[in-house]
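You will see two complexes here that share subunit A, one where it goes with subunit B and one where it goes with subunit C.
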Partner chain A sequence: MADVLAEGYNVFDTSKSPSGTVKYLSSPADVISLIQSGKLQEHILLVRGGTTTFLAPALSMGAIGVITMSGAPESHLGILSREFQTPCVMTAHLTGSDSRYVVGATSDEHFAEIARELDGKKVRLDCTDDEVGRIVADD
Partner chain B sequence: MTTTEGKRATYKQRYEAGDDGLRFQDLTYTGNFVGMEPVTDGIKGDKMMKARAKSGVLEKVSKDDVLKDQFSIDELNDLNNYLAWNIWDVLVMRATEGESGMIPRQEYEILAFMHEFYRWPEILRMTTAEVGGAQGVMDIGASARREIGTKVNSVHDWAIGAVGFGMGRCGLLALETIGADDYIPESNEILKFMQRVLWGKRQDGYLLNSQDRYRCQIHEQDFLDQLVAQVEPIEHGSPKHSAFTQFNAAAELLSFLDHYDCRLGLGDTGPYELPDGNILILRDLFVNEEVFHWSDVCEDAKLPHCYTLALVIDPNRMGLNEIRVNDISTTFTRPKNYIEAIVGGAVFAREKWNTPMGEVYPIKIDDLGEHLERVRTATLKLYTKTSKMCRRDLIWNGQYVYYIDMILPHLRKAGTYEKACRDYDLWEIDQRVSNYYYDITKRGFAQETVPSKIFSGAGYLPFSDNADLRNSKGRWL
Partner chain C sequence: MSDLDKVDYDVLNVVALKKMASAPTIAIDTGVDAADVTAALARLSAQGLVVVVGDAALPTDEAEPALAAAASEYYADLRGDPEVGELVEKFETVNSQFLTTMSSWQQIDVGGRKVANDHTDSEYDDKVISRIEKLVARLGPLLAGLAGHDGRFAAYPRRFAATIETIDAGQHDFVSSPTKDSVHNIWFELHEDLLRTLGRERTE
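For the complex of A and B:
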């Protein structure tokens, strides 16, 4: 069985299992740049927040999968990823780390560690479980 | 093929009197009930909150009750406690979403909450007077029963009390600028307006969807029949299914963005059971709100004020166990994925907020491609435009979305919006709130203190046993 690199809340149950290279997006300029590159659909998008406005054009233009470091299925991004049927794992944590997201009490290092470990990796999202979404190594 | 195949729909059991519903989350609520059994989410939570009320305000109330000029202290406290739980119920998991990366939402929200609590009471009092009193306000609510594409809907009506009174008072208490027994007539003014609009809209005695097992079945049957007659069957996996669901998602996304990442841009009603056993959700998506200056990109894309989608869902296809149309107008289901169970749909457009219902027109699903392009164009332009705004502009724009838009539909219906702008400086920012702009970034006030008070329920202090219904704000000490 392939390595589960990270896991979090599964936004909605789906048999879709997109794969791609993780792309960490840290600013709206990153989002616009990715869309303009024409390579949006080669990537699983990794973002820090769980809100939808940040990823708006990427979702609208056909993002294939999303990982967030905070947020839950009731978040706006959760709602929108379900409507777009874009598999989405929220508040993902690294399976190899003890660091967990806590509302209002999460250090920047928590986010930096996840970005460092996942950015650039080839992964697949497994969103078949009702509650848990998994980020699986796909090399 | 879905992971839910083979399950059967059991959602109707949720409507049986003895049923407590499913748990959508593991968290529990304490609020003002320290030392008592923790309250759950959902139907069971509603039952627990009703059982703890001291008055009858959370039960089905009569028209005479609604016409009364003010609530008693017990009624105010029951509403305060219930709204605090309801806010937790619909938003606590959303509180985990952190920073937007785009719009400073926590910052604009708290400013708007406080602004609303200070400024809405006299504007709502004026509006009540202009429409001839309590009955006129109930009539505003009742207008939603024969319209789609109107913002006189769950989220706006709920926001008057839950946000303007509940969160606004909670924020000011957290900032220690008011005491628990201050501004009682003002609180009454806001909550009475909310009660009257909601009662007029529902007409069943309840105020909130959560009091009715998360149903928002407000439309008259003959009106619904006219809409259902326009529904086109959608075959699973067909291009029509894709066209319909992609349009739904893209328009919903733009409605979020045009409303600064909040849910004032959308409004669900239902679920309505259809004769064939399927269920209908009606969804308003407000993709162009002309009152916002940044919505010019939506105007340029020739987008209407609102698209309304009729979504027909086959409950057996997804093995539906529970469906909630919550009080902020969003539909959640268990299992979560209802999109693959959509078996029919229709789309309607309303050009302007005041377009007569008779001029709302249907759009065939096969013709949605052109509309989808318009939506995508506006989304990209609005995103680019928003990303260039400075933090201060983003915060005050967002503040306006809440403070103006949450009562805008009611003022529009009442014909008092212009008067509110002209005589009450609606778009001006109160000096107190303007000064708070600098306070909200200190000691994590907007990012940590307020969310913890608001989402935990801890900040909704009750009015005391000594509270006087006449007491406004007597002293600044």
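For the complex of A and C:
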């Protein structure tokens, strides 16, 4: 079995298993330049917030997969990803780190560590499990 | 004084709520004349507050701070209205019920496992739709209170009513489709709009 880099809540079960290079998006400008680059479908999108609504244009333009560092599958972004059938893993944490997201009590370092570890990596999303979505290395 | 006049505020607000919007849609949601929307988008684009890609306008990173600054001026009275404040407190409860209901529209519980709702059980779907309609109805007093301060909020009950009518006529994709003026989209925009109007952050 491939190396599981991170895991979180699986927003919906799907046999779709998109692969691509993780791209960390920190602002609406990042989303706009990604859309304008024409390379949206080469990337698995990584965002910090579970209500990161600036992702909506990316989803409607055909994003292939999403990873968030906070938020729940019942949130707006979860609802959107099910509508677009875009595989989505929420509140992902690194399997190699003890740091976990806690509502209202999460240090910036928690998010920075995930972004640092995943950004630029070639990964595949495994969203077949009922509960857990997995981000696996795809070298 | 804010750098955004009220028409520019209303137009930019809709672009920021939708994250991507074309002039005709903005005209419908703001009640601003189509030609005036186009002129406003040109001004906003020159100020670096929106980027126009094809026929859609997207907000830049500067849009939210500009809106927040303008909202604190335009909505100072509204923020101080205790009646609105009380209605907003109730919204949070209704909102979490709404999110749960929306998820139950998309997924059903089968033996503890969530599976996609294939919408073959019309009795189940009708129950969810009726729950959604009740939740929308509960927004009435809040929307009326907001519209008392700024007429643009009247667009929400108008859009909800039109969408619910469409759903009742059998077009069930108007419940949650992200590409239609669905209940979920309208609700979500209202929530974001409310937070900005009141100068609050999401609790999540």
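Of note:
Throughout what follows, the second predicted complex is superposed on the first by the 138 of 139 C-alpha atoms of A that agree within 3 Å, B and C clash if a C-alpha of one lies under 4 Å from a C-alpha of the other, contacts with A are read in each partner's own complex, and residues count from 1 in each chain.
Note that in this section a contact is a pair of C-beta atoms (placed from the backbone, for glycine too) under 8 Å apart; a residue touches a chain by one contact, two chains touch by 3 or more.
Source: prediction; values computed, not measured.
When both complexes are superposed on subunit A, subunit B and subunit C end up clashing with one another. In the superposed pair of complexes, A:D13 makes contact with subunit B and with subunit C alike. When the two structures are aligned on the shared chain, A:Y101 is found in touch with subunit B, with no touch to subunit C. Judged by the touch definition given at the top, the superposed model places A:L77 against subunit B, while subunit C stays out of reach. Touch criterion met: A:S60 reaches subunit B and subunit C at once. Put simply, more of the residues of subunit A are touched by B, taking subunit B and subunit C as the two choices.
Within the superposed three-chain model, A:Q36 lies in touch with subunit C and out of touch with subunit B [touch as defined at top].
Residue contacts after overlaying the shared chain place A:R48 against subunit B, while subunit C stays out of touching range. Using the contact criterion defined above for the overlaid structures, shared-chain residue A:S27 touches subunit B and also reaches subunit C. By the touch criterion stated above, A:D130 is placed in contact with subunit B and with subunit C alike.
After superposition on chain A, the subunit B segment that clashes with subunit C is 276-284; the remaining candidates among 132-140, 276-284, 366-374 or 456-464 show no clashing C-alpha atoms. Taken together, the two complexes place residues 12-13, 27-29, 32, 35, 50-51, 53-54, 56-57, 59-60, 71-76, 79-80, 82-84, 103, 130 of subunit A in contact with subunit B and also with subunit C. Touching subunit A in their complex are the following residues of subunit B: 1-4, 90-91, 93-103, 105, 245-246, 248-250, 252-254, 256-257, 260-261, 263, 330, 332, 335-337, 339-340, 375-376, 379-380, 382-384, 386-387, 444, 447-448, 451-452. Across the complex, subunit A meets subunit B through its residues 11-15, 26-29, 31-32, 35, 47-54, 56-57, 59-61, 68-77, 79-80, 82-85, 91, 101, 103-106, 128, 130. Subunit A meets subunit C in the complex at residues 12-13, 27-29, 32, 35-36, 50-51, 53-54, 56-57, 59-60, 71-76, 78-80, 82-84, 103, 130. Across the complex, subunit A is touched by residues 18-20, 51, 53, 58-61, 63, 99-100, 102-103, 106-107, 113-116, 176-179, 184, 188, 192, 202, 204 of subunit C.
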